[in-house]
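Chain nomenclature is as follows: A, B, C and D, assigned in order of appearance, with residue numbering initiated at 1 for each chain independently.
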Amino acid sequence: MLSLYTGPLDVPTILKEWYEEEHKSNYGAYIPFVGTVRSEDEIDGLSFDVYEPILESWFSSWQEKAKAKGAKIKMAHSKGDVMLHESSYIAAVFSPKRRVALEFINEFVEDFKASAPIWKYDLRDGQRIYAKDRSTAISGSGLLA
Amino acid sequence: MLSLYTGPLDVPTILKEWYEEEHKSNYGAYIPFVGTVRSEDEIDGLSFDVYEPILESWFSSWQEKAKAKGAKIKMAHSKGDVMLHESSYIAAVFSPKRRVALEFINEFVEDFKASAPIWKYDLRDGQRIYAKDRSTAISGSGLLA
Amino acid sequence: MVRVEFLGPIQKEALELDISNLNELAKILQGDAEVSDWLESCAVALNDTLVTSLEAPLKDGDKISLLPPVCGG
Amino acid sequence: MVRVEFLGPIQKEALELDISNLNELAKILQGDAEVSDWLESCAVALNDTLVTSLEAPLKDGDKISLLPPVCGG
(Lines give C-alpha, C1' and ligand atoms only; values in the text may rest on other atoms or scores of the structure.)
Protein backbone atom coordinates (compact mmCIF):
# COMPACT_ATOMS: atom_id res chain seq x y z
CA MET A 1 0.00 0.00 0.00
CA LEU A 2 1.34 3.37 -1.10
CA SER A 3 -0.35 6.47 0.32
CA LEU A 4 0.43 10.06 -0.65
CA TYR A 5 -0.69 12.95 1.54
CA THR A 6 -0.67 16.68 0.92
CA GLY A 7 1.38 18.16 3.78
CA PRO A 8 2.77 16.38 6.84
CA LEU A 9 1.95 12.81 7.87
CA ASP A 10 -0.12 11.98 10.94
CA VAL A 11 2.47 9.46 12.17
CA PRO A 12 0.65 7.98 15.21
CA THR A 13 -2.52 7.39 13.18
CA ILE A 14 -0.70 5.78 10.25
CA LEU A 15 1.42 3.53 12.49
CA LYS A 16 -1.74 2.50 14.36
CA GLU A 17 -3.74 1.80 11.18
CA TRP A 18 -0.95 -0.32 9.68
CA TYR A 19 -0.50 -2.25 12.93
CA GLU A 20 -4.22 -2.91 13.19
CA GLU A 21 -4.46 -3.98 9.54
CA GLU A 22 -1.71 -6.60 9.93
CA HIS A 23 -1.25 -7.74 13.52
CA LYS A 24 -3.50 -10.75 12.94
CA SER A 25 -1.80 -11.62 9.60
CA ASN A 26 0.82 -13.74 11.40
CA TYR A 27 3.81 -11.50 10.73
CA GLY A 28 6.17 -11.70 13.70
CA ALA A 29 7.99 -8.45 12.92
CA TYR A 30 6.70 -4.97 12.01
CA ILE A 31 9.38 -2.35 11.36
CA PRO A 32 8.34 1.16 10.37
CA PHE A 33 10.91 3.77 9.37
CA VAL A 34 9.72 7.33 10.10
CA GLY A 35 11.44 10.33 8.52
CA THR A 36 11.04 13.68 10.29
CA VAL A 37 12.21 17.13 9.12
CA ARG A 38 15.31 18.21 11.06
CA SER A 39 16.39 21.74 11.85
CA GLU A 40 19.51 22.19 9.70
CA ASP A 41 20.99 25.09 7.74
CA GLU A 42 18.27 27.40 9.06
CA ILE A 43 15.51 25.89 6.94
CA ASP A 44 11.86 26.47 7.85
CA GLY A 45 10.85 23.14 6.37
CA LEU A 46 10.99 20.98 3.25
CA SER A 47 8.77 20.66 0.24
CA PHE A 48 8.32 17.69 -2.08
CA ASP A 49 7.34 17.03 -5.69
CA VAL A 50 6.25 13.46 -6.42
CA TYR A 51 5.89 11.86 -9.83
CA GLU A 52 3.21 9.32 -9.08
CA PRO A 53 3.18 7.01 -12.14
CA ILE A 54 6.82 5.99 -11.75
CA LEU A 55 6.64 6.00 -7.94
CA GLU A 56 3.80 3.51 -8.20
CA SER A 57 5.65 1.17 -10.55
CA TRP A 58 8.81 1.42 -8.41
CA PHE A 59 6.73 0.58 -5.32
CA SER A 60 5.00 -2.33 -7.12
CA SER A 61 8.36 -3.88 -7.92
CA TRP A 62 9.25 -3.75 -4.20
CA GLN A 63 5.89 -5.25 -3.27
CA GLU A 64 6.79 -8.20 -5.52
CA LYS A 65 10.22 -8.54 -3.87
CA ALA A 66 8.57 -8.47 -0.45
CA LYS A 67 6.00 -11.06 -1.47
CA ALA A 68 8.77 -13.40 -2.66
CA LYS A 69 10.13 -13.33 0.90
CA GLY A 70 6.72 -13.78 2.54
CA ALA A 71 6.78 -10.14 3.62
CA LYS A 72 4.66 -7.05 2.97
CA ILE A 73 5.54 -3.35 2.63
CA LYS A 74 3.57 -0.16 3.14
CA MET A 75 4.65 3.37 2.46
CA ALA A 76 3.33 6.89 3.06
CA HIS A 77 4.89 10.11 1.74
CA SER A 78 4.07 13.80 1.75
CA LYS A 79 3.54 16.08 -1.25
CA GLY A 80 4.07 19.81 -0.83
CA ASP A 81 5.27 21.52 2.34
CA VAL A 82 6.31 19.79 5.56
CA MET A 83 7.60 22.05 8.32
CA LEU A 84 10.31 21.56 10.93
CA HIS A 85 9.74 18.55 13.26
CA GLU A 86 6.86 17.30 11.12
CA SER A 87 7.18 13.98 9.28
CA SER A 88 7.17 13.38 5.52
CA TYR A 89 7.92 9.68 5.12
CA ILE A 90 6.98 6.32 6.61
CA ALA A 91 8.01 2.99 5.15
CA ALA A 92 7.17 -0.26 6.91
CA VAL A 93 7.89 -3.92 6.44
CA PHE A 94 5.93 -6.80 7.91
CA SER A 95 7.56 -10.22 7.88
CA PRO A 96 7.19 -13.58 9.59
CA LYS A 97 10.88 -13.46 10.58
CA ARG A 98 12.92 -10.66 12.13
CA ARG A 99 16.05 -11.19 9.98
CA VAL A 100 14.08 -10.75 6.75
CA ALA A 101 12.37 -7.66 8.18
CA LEU A 102 15.60 -6.01 9.36
CA GLU A 103 17.35 -6.60 6.06
CA PHE A 104 14.34 -5.63 3.97
CA ILE A 105 13.68 -2.27 5.64
CA ASN A 106 17.35 -1.40 5.13
CA GLU A 107 17.37 -2.31 1.43
CA PHE A 108 14.01 -0.71 0.81
CA VAL A 109 14.87 2.64 2.44
CA GLU A 110 18.23 2.82 0.64
CA ASP A 111 16.69 2.12 -2.76
CA PHE A 112 13.91 4.59 -1.97
CA LYS A 113 16.56 7.28 -1.42
CA ALA A 114 18.37 6.37 -4.65
CA SER A 115 15.46 5.70 -6.98
CA ALA A 116 12.04 6.98 -5.91
CA PRO A 117 10.95 9.87 -8.19
CA ILE A 118 10.57 12.47 -5.45
CA TRP A 119 12.25 15.88 -5.42
CA LYS A 120 13.10 17.76 -2.25
CA TYR A 121 13.24 21.52 -1.76
CA ASP A 122 14.40 23.54 1.24
CA LEU A 123 11.93 26.16 2.45
CA ARG A 124 13.94 29.20 3.48
CA ASP A 125 12.90 32.86 3.66
CA GLY A 126 9.73 32.12 1.73
CA GLN A 127 11.67 30.46 -1.11
CA ARG A 128 11.56 26.87 -2.39
CA ILE A 129 15.14 25.83 -3.21
CA TYR A 130 15.94 22.48 -4.88
CA ALA A 131 18.11 20.37 -2.53
CA LYS A 132 20.55 19.60 -5.32
CA ASP A 133 23.52 18.70 -3.12
CA ARG A 134 21.53 16.06 -1.22
CA SER A 135 19.95 14.54 -4.32
CA THR A 136 21.04 11.39 -6.14
CA ALA A 137 20.99 10.83 -9.89
CA ILE A 138 18.84 7.79 -10.70
CA SER A 139 20.83 4.79 -11.93
CA GLY A 140 21.24 5.07 -15.71
CA SER A 141 21.15 8.87 -15.75
CA GLY A 142 23.01 10.75 -18.49
CA LEU A 143 21.50 8.81 -21.41
CA LEU A 144 20.74 12.02 -23.32
CA ALA A 145 23.98 13.86 -22.46
CA MET B 1 13.79 4.33 28.45
CA LEU B 2 12.98 0.72 29.34
CA SER B 3 9.35 -0.11 30.14
CA LEU B 4 8.07 -3.48 31.32
CA TYR B 5 4.38 -4.31 31.15
CA THR B 6 2.42 -7.22 32.59
CA GLY B 7 0.69 -8.83 29.59
CA PRO B 8 0.57 -7.60 25.99
CA LEU B 9 1.79 -4.20 24.79
CA ASP B 10 -0.56 -1.48 23.57
CA VAL B 11 1.49 -0.96 20.40
CA PRO B 12 -0.31 2.07 18.88
CA THR B 13 -0.19 3.96 22.18
CA ILE B 14 3.49 3.23 22.82
CA LEU B 15 4.52 4.14 19.25
CA LYS B 16 2.52 7.36 19.55
CA GLU B 17 3.99 8.30 22.95
CA TRP B 18 7.55 7.71 21.78
CA TYR B 19 6.97 9.70 18.60
CA GLU B 20 5.45 12.60 20.53
CA GLU B 21 8.27 12.55 23.09
CA GLU B 22 10.97 12.86 20.42
CA HIS B 23 9.69 14.34 17.16
CA LYS B 24 10.89 17.81 18.20
CA SER B 25 14.30 16.51 19.39
CA ASN B 26 15.76 16.87 15.88
CA TYR B 27 16.17 13.18 15.13
CA GLY B 28 15.59 12.62 11.41
CA ALA B 29 14.89 8.90 11.73
CA TYR B 30 12.65 6.92 14.11
CA ILE B 31 12.68 3.14 13.63
CA PRO B 32 10.60 0.97 15.93
CA PHE B 33 10.80 -2.82 15.78
CA VAL B 34 7.54 -4.48 16.91
CA GLY B 35 7.45 -8.18 17.80
CA THR B 36 4.07 -9.92 17.61
CA VAL B 37 3.18 -13.48 18.66
CA ARG B 38 2.77 -15.69 15.59
CA SER B 39 0.58 -18.76 15.28
CA GLU B 40 3.10 -21.62 15.07
CA ASP B 41 3.20 -25.17 16.38
CA GLU B 42 -0.35 -24.82 17.68
CA ILE B 43 0.58 -22.54 20.55
CA ASP B 44 -2.07 -20.44 22.28
CA GLY B 45 0.46 -17.75 23.12
CA LEU B 46 3.79 -17.09 24.79
CA SER B 47 4.81 -16.24 28.32
CA PHE B 48 7.89 -14.38 29.53
CA ASP B 49 10.06 -14.24 32.64
CA VAL B 50 12.24 -11.14 32.91
CA TYR B 51 15.19 -10.63 35.27
CA GLU B 52 15.03 -6.90 35.68
CA PRO B 53 18.37 -5.99 37.35
CA ILE B 54 20.49 -7.44 34.55
CA LEU B 55 18.04 -6.33 31.84
CA GLU B 56 18.42 -2.78 33.11
CA SER B 57 22.23 -2.85 33.11
CA TRP B 58 22.24 -4.45 29.64
CA PHE B 59 19.88 -1.72 28.42
CA SER B 60 22.00 1.03 30.04
CA SER B 61 25.07 -0.16 28.16
CA TRP B 62 23.12 0.15 24.89
CA GLN B 63 21.89 3.62 25.87
CA GLU B 64 25.55 4.62 26.20
CA LYS B 65 26.37 3.14 22.78
CA ALA B 66 23.44 5.03 21.28
CA LYS B 67 24.48 8.28 22.94
CA ALA B 68 28.00 7.93 21.49
CA LYS B 69 26.40 7.97 18.02
CA GLY B 70 24.05 10.86 18.80
CA ALA B 71 21.13 8.44 18.92
CA LYS B 72 18.58 7.34 21.52
CA ILE B 73 16.88 3.99 22.20
CA LYS B 74 13.64 3.03 23.89
CA MET B 75 12.35 -0.43 24.67
CA ALA B 76 9.15 -2.02 25.96
CA HIS B 77 8.68 -5.70 26.82
CA SER B 78 5.97 -7.88 28.29
CA LYS B 79 6.12 -9.99 31.43
CA GLY B 80 3.76 -12.96 31.79
CA ASP B 81 1.32 -14.13 29.14
CA VAL B 82 0.90 -12.67 25.65
CA MET B 83 -1.60 -14.41 23.42
CA LEU B 84 -1.63 -15.07 19.66
CA HIS B 85 -1.43 -11.89 17.51
CA GLU B 86 -0.70 -9.72 20.54
CA SER B 87 2.68 -7.98 20.82
CA SER B 88 5.36 -8.52 23.46
CA TYR B 89 8.29 -6.39 22.31
CA ILE B 90 9.03 -2.95 20.91
CA ALA B 91 12.52 -1.54 20.49
CA ALA B 92 13.07 1.83 18.85
CA VAL B 93 16.00 3.93 17.79
CA PHE B 94 15.97 7.67 17.15
CA SER B 95 18.91 9.13 15.26
CA PRO B 96 19.77 12.28 13.33
CA LYS B 97 20.83 10.13 10.36
CA ARG B 98 19.10 7.21 8.69
CA ARG B 99 22.24 5.05 8.22
CA VAL B 100 23.02 5.11 11.94
CA ALA B 101 19.38 4.32 12.75
CA LEU B 102 19.15 1.40 10.31
CA GLU B 103 22.40 -0.14 11.53
CA PHE B 104 21.65 0.48 15.20
CA ILE B 105 18.20 -1.12 15.24
CA ASN B 106 19.71 -4.20 13.57
CA GLU B 107 22.57 -4.53 16.07
CA PHE B 108 20.35 -3.75 19.04
CA VAL B 109 17.66 -6.30 18.17
CA GLU B 110 20.24 -9.01 17.47
CA ASP B 111 22.05 -8.44 20.76
CA PHE B 112 18.71 -8.30 22.56
CA LYS B 113 17.93 -11.78 21.21
CA ALA B 114 21.34 -13.11 22.26
CA SER B 115 21.82 -11.39 25.61
CA ALA B 116 18.74 -9.89 27.26
CA PRO B 117 17.80 -11.93 30.38
CA ILE B 118 14.30 -12.88 29.28
CA TRP B 119 12.95 -16.43 29.09
CA LYS B 120 10.21 -17.49 26.72
CA TYR B 121 7.61 -20.21 27.26
CA ASP B 122 5.05 -21.64 24.86
CA LEU B 123 1.48 -21.69 26.16
CA ARG B 124 -0.13 -24.91 24.96
CA ASP B 125 -3.00 -26.90 26.43
CA GLY B 126 -2.85 -24.84 29.61
CA GLN B 127 0.85 -25.60 30.10
CA ARG B 128 3.84 -23.23 30.16
CA ILE B 129 6.69 -24.96 28.31
CA TYR B 130 10.21 -23.42 28.17
CA ALA B 131 11.12 -22.62 24.53
CA LYS B 132 14.48 -24.34 24.91
CA ASP B 133 15.10 -24.97 21.19
CA ARG B 134 14.63 -21.27 20.32
CA SER B 135 16.76 -20.00 23.20
CA THR B 136 20.39 -18.86 23.06
CA ALA B 137 23.04 -19.40 25.73
CA ILE B 138 24.41 -16.02 26.85
CA SER B 139 28.01 -15.41 25.77
CA GLY B 140 30.35 -16.88 28.39
CA SER B 141 27.94 -19.61 29.48
CA GLY B 142 29.32 -22.85 30.87
CA LEU B 143 31.62 -21.27 33.47
CA LEU B 144 30.42 -23.63 36.19
CA ALA B 145 30.26 -26.80 34.05
CA MET C 1 4.11 13.71 -32.07
CA VAL C 2 5.98 12.78 -28.90
CA ARG C 3 5.46 14.67 -25.65
CA VAL C 4 8.57 15.44 -23.55
CA GLU C 5 8.03 16.38 -19.89
CA PHE C 6 10.57 17.83 -17.46
CA LEU C 7 9.98 16.71 -13.88
CA GLY C 8 10.74 18.16 -10.46
CA PRO C 9 13.06 21.16 -10.36
CA ILE C 10 13.61 21.52 -14.13
CA GLN C 11 11.77 24.73 -14.88
CA LYS C 12 10.68 23.99 -18.42
CA GLU C 13 7.32 23.55 -20.14
CA ALA C 14 6.63 20.23 -21.86
CA LEU C 15 7.61 19.97 -25.54
CA GLU C 16 5.70 18.34 -28.42
CA LEU C 17 8.28 17.00 -30.89
CA ASP C 18 8.16 15.10 -34.16
CA ILE C 19 10.96 12.60 -33.50
CA SER C 20 11.33 8.85 -34.08
CA ASN C 21 14.01 7.89 -31.54
CA LEU C 22 15.86 9.14 -28.46
CA ASN C 23 19.01 10.01 -30.41
CA GLU C 24 17.04 12.75 -32.11
CA LEU C 25 15.78 13.95 -28.73
CA ALA C 26 19.33 13.98 -27.32
CA LYS C 27 20.50 16.25 -30.16
CA ILE C 28 17.59 18.66 -29.66
CA LEU C 29 18.02 18.91 -25.89
CA GLN C 30 21.83 19.23 -26.07
CA GLY C 31 21.21 22.41 -28.07
CA ASP C 32 18.66 23.79 -25.59
CA ALA C 33 20.33 26.10 -23.07
CA GLU C 34 17.44 25.71 -20.58
CA VAL C 35 17.97 22.00 -20.20
CA SER C 36 21.41 20.98 -21.51
CA ASP C 37 23.09 21.26 -18.09
CA TRP C 38 20.54 18.83 -16.64
CA LEU C 39 21.12 16.04 -19.15
CA GLU C 40 24.16 14.48 -17.44
CA SER C 41 22.18 13.88 -14.23
CA CYS C 42 18.78 13.00 -15.70
CA ALA C 43 17.22 9.58 -16.08
CA VAL C 44 14.76 9.07 -18.94
CA ALA C 45 11.40 7.32 -18.90
CA LEU C 46 9.37 6.27 -21.92
CA ASN C 47 5.67 6.00 -21.10
CA ASP C 48 6.59 5.93 -17.38
CA THR C 49 9.14 3.13 -17.67
CA LEU C 50 12.82 3.99 -17.24
CA VAL C 51 14.90 3.31 -20.35
CA THR C 52 18.61 2.56 -20.60
CA SER C 53 19.13 2.65 -24.37
CA LEU C 54 18.78 5.36 -26.99
CA GLU C 55 17.62 2.82 -29.56
CA ALA C 56 14.00 2.37 -28.48
CA PRO C 57 11.75 3.45 -31.38
CA LEU C 58 9.20 6.17 -30.63
CA LYS C 59 5.66 6.31 -31.94
CA ASP C 60 2.96 8.93 -32.11
CA GLY C 61 1.52 9.64 -28.64
CA ASP C 62 4.53 8.41 -26.65
CA LYS C 63 5.45 10.30 -23.50
CA ILE C 64 9.05 10.88 -22.49
CA SER C 65 9.94 12.14 -18.99
CA LEU C 66 13.25 13.55 -17.79
CA LEU C 67 13.94 12.78 -14.11
CA PRO C 68 16.60 14.89 -12.40
CA PRO C 69 18.38 13.70 -9.18
CA VAL C 70 15.94 12.57 -6.49
CA CYS C 71 15.77 12.92 -2.74
CA GLY C 72 12.67 11.50 -1.10
CA GLY C 73 12.13 10.98 2.58
CA MET D 1 26.86 -16.72 53.41
CA VAL D 2 26.39 -16.38 49.63
CA ARG D 3 22.95 -16.58 48.01
CA VAL D 4 22.64 -18.56 44.75
CA GLU D 5 19.53 -17.94 42.60
CA PHE D 6 18.32 -19.94 39.61
CA LEU D 7 16.55 -17.83 37.02
CA GLY D 8 13.90 -18.46 34.38
CA PRO D 9 13.06 -22.10 33.68
CA ILE D 10 15.41 -23.69 36.25
CA GLN D 11 12.98 -25.09 38.77
CA LYS D 12 15.09 -24.80 41.90
CA GLU D 13 14.85 -22.81 45.11
CA ALA D 14 17.66 -20.39 45.96
CA LEU D 15 20.56 -21.80 48.03
CA GLU D 16 22.45 -20.14 50.90
CA LEU D 17 26.03 -21.44 50.79
CA ASP D 18 29.17 -20.83 52.81
CA ILE D 19 31.68 -20.57 49.92
CA SER D 20 34.55 -18.23 49.14
CA ASN D 21 34.88 -18.54 45.36
CA LEU D 22 33.08 -19.81 42.26
CA ASN D 23 35.23 -22.94 42.00
CA GLU D 24 33.61 -24.17 45.20
CA LEU D 25 30.18 -23.34 43.77
CA ALA D 26 30.99 -25.23 40.54
CA LYS D 27 31.87 -28.38 42.53
CA ILE D 28 28.67 -28.20 44.59
CA LEU D 29 26.38 -27.65 41.58
CA GLN D 30 28.10 -30.33 39.46
CA GLY D 31 27.04 -32.79 42.13
CA ASP D 32 23.44 -31.55 42.27
CA ALA D 33 21.22 -33.63 39.96
CA GLU D 34 18.56 -30.90 39.80
CA VAL D 35 20.90 -28.39 38.22
CA SER D 36 23.98 -30.14 36.79
CA ASP D 37 22.51 -30.51 33.29
CA TRP D 38 21.92 -26.75 33.13
CA LEU D 39 25.51 -25.72 33.91
CA GLU D 40 26.89 -26.05 30.35
CA SER D 41 24.36 -23.53 29.02
CA CYS D 42 24.18 -21.13 31.99
CA ALA D 43 25.82 -17.74 32.33
CA VAL D 44 26.74 -16.57 35.82
CA ALA D 45 26.22 -13.16 37.42
CA LEU D 46 27.78 -11.91 40.65
CA ASN D 47 25.68 -9.16 42.22
CA ASP D 48 23.88 -8.71 38.88
CA THR D 49 27.02 -8.35 36.79
CA LEU D 50 27.96 -11.18 34.41
CA VAL D 51 31.29 -12.81 35.27
CA THR D 52 33.67 -14.68 32.98
CA SER D 53 36.20 -16.05 35.49
CA LEU D 54 35.94 -18.50 38.39
CA GLU D 55 38.57 -16.60 40.34
CA ALA D 56 36.46 -13.71 41.65
CA PRO D 57 36.50 -13.85 45.48
CA LEU D 58 33.11 -14.04 47.20
CA LYS D 59 32.17 -12.24 50.39
CA ASP D 60 29.33 -12.51 52.86
CA GLY D 61 26.07 -11.22 51.35
CA ASP D 62 27.05 -11.70 47.71
CA LYS D 63 24.35 -12.81 45.27
CA ILE D 64 25.09 -15.24 42.46
CA SER D 65 22.56 -15.80 39.64
CA LEU D 66 22.49 -18.59 37.08
CA LEU D 67 21.03 -17.48 33.72
CA PRO D 68 19.91 -20.26 31.37
CA PRO D 69 19.55 -19.67 27.58
CA VAL D 70 17.44 -16.61 26.78
CA CYS D 71 14.81 -15.77 24.19
CA GLY D 72 13.23 -12.35 24.50
CA GLY D 73 11.02 -10.65 21.95
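Going forward, contacts are C-beta pairs under 8 Å (C-beta built on N, C-alpha and C of every residue); 3 or more make two chains touch, one makes a residue touch a chain.
Being a predicted model, the structure only gives us computed values, none of them experimental.
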Distance in touch steps, counted as few as possible, from subunit B out to subunit D: 1
Most widely separated chain from subunit A, with each centre as the mean of CA atoms: D
Separation of mean Cα positions, subunit D and subunit A [Å, integer]: 49
Gap in Å, rounded to a whole number, between the CA centres of subunit B and subunit A: 25
Junction residues of subunit A, two or more chains touched: 35, 98, 109, 113
Subunit C, residues touching no fewer than two other chains: 73
Chain pairs that touch, as defined at the top of this document: A-B, A-C, B-D
Complex contacts: residues of subunit A adjacent to subunit C: 35, 48-51, 53-54, 57, 77, 88-89, 109, 112-121, 130-132, 134-145
Subunit A residues touching subunit B - in the complex, by the definition given at the top: 11-12, 15-16, 19-20, 23-24, 26-39, 85-87, 96, 98, 101-102, 105-106, 109, 113
Interfacial residue positions of subunit D with respect to subunit B in the complex: 7-9, 22, 25-26, 29-30, 39-45, 48-54, 65-73
